[in-house]
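Single-structure report; data block below.
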Amino acid sequence: QANKGEIRIAHIHSKTGPLEAYAKQTQAGLMMGLNYATGGTMMVAGKKIVVIEKDDQGKPDVGKSLLAAAYADDKVDLAIGPTASPVALAMLPVAEEYRKILLVEPAVADSITGDKWNKYIFRTGRNSSQDAAANAVALDAPNNVIGVLANDNAFGRDAVKASKDFTKKAKIVHEEYLPVGTTDFTAGLLRLVDKLKDQPGNKYISVVWSGAPTPFPKIAEMELDKRYGIKLATGGNILPAMVAYKQFPGMEGALYYYFGIPKNPVNDAMVAEHYRQFKQPPDFFTAGGFSAAMAVVTALKKTNGDTNSEKLIQTMEGMSFDTPKGTMTFRKEDHQAMQSMYHFKIKADPAFAWGVPELVREIKPGDMNIPIRNKR
Amino acid sequence: MLQTSNLTVRFGGHVAVNAVSCGFAPGTLTAIVGPNGAGKTTYFNLISGQIKATAGTVTLDGRELTPLSAPLRTRAGLGRAFQLTNLFPQLSVRENVRMAVQARAGAGLDFFRIWSDRKDLLDQADDILRTVALADKAEARAASLPHGDQRKLEVGILMALDPKVYMFDEPTAGMSVDEVPVILNLIRRLKADKSKTILLVEHKMDVVRELSDRIIVLHNGELVADGEPEAVIASPVVQQAYLGINPEEEVAA
Amino acid sequence: MTQPLLTLEGVHTHIGAYHILHGVDLAVPANQLTMLLGRNGAGKTTTLRTIMGLWHASRGRITLAGQDITAKATPDIAQSGVAYVPESMGIFADLSVKENMLLAARGARSIDGIDTQRLEWIFDMFPAMKKFWLHPAGKLSGGQKQMLAVSRAIVEPRQLLLIDEPSKGLAPAIIQNMIEAFRELKVAQTTILLVEQNFNFARQLGDSVAVMDDGRVVHSGAMAELAEDSALQARLLGLSLGAHQ
Amino acid sequence: MVLSRLLSHDLPRSRWLALLLTLLVLGLAFAPFLFPGVKALNVAAKVLIFIALVVSFDLLLGYTGIVSFAHTMFFGIGAYGIAISASALGPTWWALVVGAVGALLLSFLLSLLIGLFSLRVRAIFFAMITLAVASAFLTLASQLSDITGGEDGLTFRLPELLSPGFALMEEDFQGPFGAVPLNGRFITYYLLFVSVVVMFLVMLRIVNSPFGRVLQAIRENDFRAEALGYRVVVYRTLSNVIAASFATLAGCLLALWLRYNGPDTSLSFEIMLDILLIVVIGGMGTLYGAIIGSVVFLVAQSYLQDLLRWLGGLFEGLPLLPALLTPDRWLLWLGLLFVLSVYHFPTGVVGKLRERAAHKATKEST
Amino acid sequence: MRDFDWKPVALVPLLAALALPAVGSGSTWLTLTVAGLAMGLIVFIIASGLTLVFGLMDVLNFGHGVFIALGAFVAVSVFGGLNAYAIADSFWLNLVALVPAMLAAMVVAGAVGLVFERVIVRPVYGQHLKQILITMGGMIIGEELIKVVWGPGQLALPLPETLRGSFLLGDASIEKYRLLAMAVGLAVFAAMVWTLNRTKVGLLIRAGVQDREMVESLGYRIRRLFVGVFVAGSALAGLGGVMWGLYQQTVLPQMGAQVNVLIFIVIIIGGLGSTLGALVGALLVGLMANYTGFLMPKVALFSNIALMVAILLWRPQGVYPVANR
């Protein structure tokens, strides 16, 4: 191997572009995670871990070239990233060409571990199905009537498809898709209200939305709860986006990570360290970066620092590792990390700028039957 | 033979050219005179197709031109020099003329040859430049020419088109006295050719008197007089409305 | 001769890399009409533009009523009472005739602020201005644009008018009107510097004359003197002017 | 003489310019040997693709005087043509031909339509209409996810000869600057190089043909051109169609090189701006500018972050400066590049060098 | 006004009337119409500055959006400082937060506009292509500087307490904030119409664009005027940013770039420089977005562009052509 005494890892993420804020969280989490996992030495089995950051700018073609350059020019042993799903999808074949591991974090598209998957792909981040399943579990009660509002793109449609698979008892009466960048949600919401308002039972608008602007302010302005008893349900998000949740006390849903929810030593350590470094709590994507670091170090410890891809793959398949979200396990079949999600309820706490999610119950991996979608 | 029948154009409520019917024979030079705003330039615009007529027709040698656009009329043989100088400002003087020569040669849609390989076009352009006394300024940008030289270039471009019908709109306006004869001689030479139809709008009565075989008078868009130069100039409408010999009369309605 | 209102002393002007004026000396007497004659390309237009501050003299001095204006900005020169009619007329084609006039009347906040008598006087001279008052100026005929350009310069009283070839494109009757108007302006204490090719026009109006050639003033004196002397004309202007009209 | 004919007698007209161009062309011709490494080769290939793209745009902007924002649309059509047909028909040569021809046809129709309908309106309106059409097309491409892969785009395979797995020789070629793998990428690079050289020479001929001269006259004064008998709409539309076809071909090359295409990759407004900037840096209305502009811009864009990382290191500890010099703020410096190039190269690098040469010539002659 | 051209103005009620039978329910129609009109007026506010800069001064300012974003971010900071007033349950106390936010946004955007005009725009008056590039460069720089100052992520800009929620009119809901937006929009419109039509400013700008030299020869300091107009345009964009940010309740560094095409469309529909035209354009865009969003969401994405093309087919120079460009 070319890198004697070093383990080189590329972290390719959207350091610039619309996802910059997310990517920064991942990077911070990754570095904290590596530090934590190696006990502050940044060494595994006597080899130094070197992280090479690369900026894909949120562009698939750039990400693809960067990954090739990382494997070929920088001679990295494995790569972590990227932030956006389209970038990840463009990268997958490169990992296969160079026969090196790509640990996907935090891109969510199902197809990454689904039909576009190859054996060099692992993912610590949750996928759309896990999100959808968790949210469905949180909302799936016999008397519930649901109208879905989602992004009109692959992300939104995948998520709705998945959540329909997981919704067994509740009734989904309408799906409303709106384009990313919609500025006025009035029309779409009116269509939803028309469909929902005369239904019996507990009425929900379930929102699957990524990107800004978001529909939450409009939902609050229209006072749907007061007028028609229609409630909002949605998943977690980064803290600035959860400011809007403050207007919906009592709202329920399922989320991937909120720093106050998981109770385990890894999370405690991360939260403490994050407060120390940044004077604020870790956020949604910080946990992902931390998890990815834990996965890598755990695997390398097991191979005793050997970075041979075949060996790593063997080691990582079925491997369990500790993360701020508790123990995760790479499923053998599609290399997706199985993990807990959290059913929450929003509380408006004046001490926080955002609506605070309080744990209703932890949804364990076993509670969600996440399908395997890849062919191997 | 160029013929306009009942040619009319209306801008909103204003009739700028009103039912003008007139024929112009090859070999003659017809001067068009009339007060400012009488419709002379507009009449030219109607003939050459810069403006679409509200009513009436234009025919050349029996061929109906009315439905054709300006470029097609130019190709049919109508050539036009403009009252307000209208050149390719950043191109060289030679290139200004060469564009016209090339247009006449119909070489514009040639994608594959190199333009400078068409020596024939270049030579013709240089010939024309000599005729209008601009040969020594061939490489200058058109925009940098003084006003008078720009007028000469305007005429040169028209010569390069070598049309059947020449339409001059005040070719000597702003030209210095010693240069005027160059242009007048050029026009005389065209006249001598006997096959060209020449239309001339001009406010300088001495020039008109000297060059024209016939004068028509436009006033408020209407054709009000037509005939031998001396007779027309002597007519009351020209004396009063145009030359202002009787200053009590208002010029325009 | 009265005291000159405007003087140019050894003015040189460059346009880009080209040296156009090579030391122009010119004195424009107050309340008189001075003709500036010369062949095409002699530098007449350049001289007017240099006075107006549209191009800056690289050397030499220009004074207006005793004040040095060589390095002043165009708006300041205009505000000290100079109006300019450019060769290209400078019509605002998108604005109506009325709006063009309103802009020229610096003192007026709205059209009612323009001296009505003066406006009537202009309408008398150029009836087309009244007729097309609300029309877009770009649609005017060539001669009408020329009238508008002159009208703008005289809509308010100014001490100095710089006019570049006002007669081109105008019908003889209108030229006569304009000659009358310039005479009246002179009486009303206006100084005029006029560039012309139309010698007939020049002869009828000019008090004094300057002839330019190749970026210099090669002759200056009284108009009458030049008008008489056809040999001088031939030498200066390349042609005996009697030949035309 | 032969060279001069090949260049349509449109020579650089400046010794420095000629030298610079020779260096750049040689650099591109031997890029795989001179600059080994995946990243460097990527940059060189992008330079080639952008030369073709910018040259086609300059025909519109510099020669015809049309500002169009729909140029990336045609670029995208080319890239999608290859991407869609290679995804649908598999990695065969036929698929590439079908994709390229299909894309050319679509571009032809669209550019003809846009030209005939909107080249009659004023320049600003045309610019705005094309801006709107381009953004509509971008939306459409991300909406039709069944065909285009939506925002995720399409990843596809190429025929064996062009894929990275294909090896021309078992061993890497050991050049003086490092090992050069003689694989499918290497072949693809030279495929691009040859295509771009041919496209450049053809375009050079077009702008120096009588037709090209008419375009320049139209740019100057379309009204006058009409009066000379040139039908401006026809010429403008033709120019639009030619430019669109070249852009489409450039798009095909992009797809070949990336083996991926998505809306962001070939259709985004950012690329449109990059093209504009390259034209301005190089010099409008001269095709040589496209070569210089593309090299300058793409090298700057690709290595700006590395440069900033280095600079940021130098100024560590100072206030504010590190905040501006982080690689994360590279766009700030790119923006500055926009501003500065407009400031300092009003006629582009080519214009500047030519002025110098002309200046020297006049000095010598006097 | 004798020969005022009513047709374009009439398009707005016409569109609303046509939508009524299509939408069916009266209350839904009312909600949509009020939302559309209010959105139109907000769009008008953000576009109004561009009417001056692009429409009248003929500067193709692709950087206009950055002033919108800047205004919004300034408002976030001001709201942060005056948070107590913003969350108070009294309209007047809310105004104590809102008005300074608007003023600060206008002042900051105007001041930055002053610099922008000097450094970026001045060298390129009259050169469209270079304007596009250099203002785009300015936009990128501005956006990055916003990221340096306020961070790269989104920030929340919650509505003041009393502006939340809706008034109910039967089954139709009319958001309070939209009413405020309408009031501000109409005020901006009135102020602009008055300045441009009752003073020579409008004329001077149009004349200056056509022939700078001639305007200076008439004795006007066109440069100073242009600076003033540019600053006013930027300040209006800043105000628009505050309104837009409150409407979205989040602000993003990219928000300026996001609305760029939209405001260009409005200006083009309006006829490049006509205030009334821009208002009509903005209202049409707002209504169209809401109606099509309700009736055919797929089409809504293209509704602006379709609207522009339709208008240009009807009037190739926009509804109220100001200049013959």
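Per-chain residue numbering starts at 1, and chain names A, B, C, D and E are given in the order in which the chains are listed.
By definition in this document, a contact is a pair of C-beta atoms (placed from the backbone, for glycine too) under 8 Å apart; a residue touches a chain by one contact, two chains touch by 3 or more.
All of these numbers come straight from a predicted model, not from anything done at the bench.
Considering every other chain in turn, the ones in contact with both chain C and chain D prove to be B, E. Within the contact network of the assembly, the step distance from chain A to chain B comes to 2. Chain A and chain D have CA centres that are 37 Å apart. One inter-chain figure worth recording: chain B and chain C are separated by 28 Å, centre to centre, where each centre is the mean of the chain's CA atoms. Chain B and chain E, compared by their mean Cα positions, are separated by 49 Å. Residue positions 20, 152, 179 of chain A each touch two or more of the other chains.
Not a single residue in chain C touches at least two other chains.
Taken residue by residue, chain E touches two or more other chains at 147, 152, 301, 325, whereas all remaining positions touch fewer. According to the touch criterion at the top of this document, the contacting chain pairs are A-D, A-E, B-C, B-D, C-E, D-E. Residues of chain D touching chain B in their complex: 5, 8-9, 205-206, 208-214, 216-217, 220-221, 223-232, 235, 238. Those residues of chain D that touch chain A in the shared complex are 37-39, 42, 139, 142-143, 145, 150-153, 155, 164-165, 258-262, 264-265, 305, 327-331. In the complex of the two chains, the chain A residues touching chain D come out as 15-16, 20, 55, 58-61, 64-65, 68-69, 72-73, 85-86, 89-90, 92-93, 97, 109, 111, 116, 152-154, 179. Here chain A touches chain E in the complex through residues 18, 20-21, 24, 152, 176-179, 181-184, 186-188, 190-191, 194, 212-214, 216-217, 220-223, 227, 238, 240-241, 243-244, 247, 353, going by the rule given at the top.
Those residues of chain E lying in contact with chain A across their complex are 25, 28, 31-32, 35-36, 39, 147, 151-156, 158-159, 164-166, 168, 173, 175-177, 248-250, 252, 254, 258, 286, 289-294, 297, 300-301.
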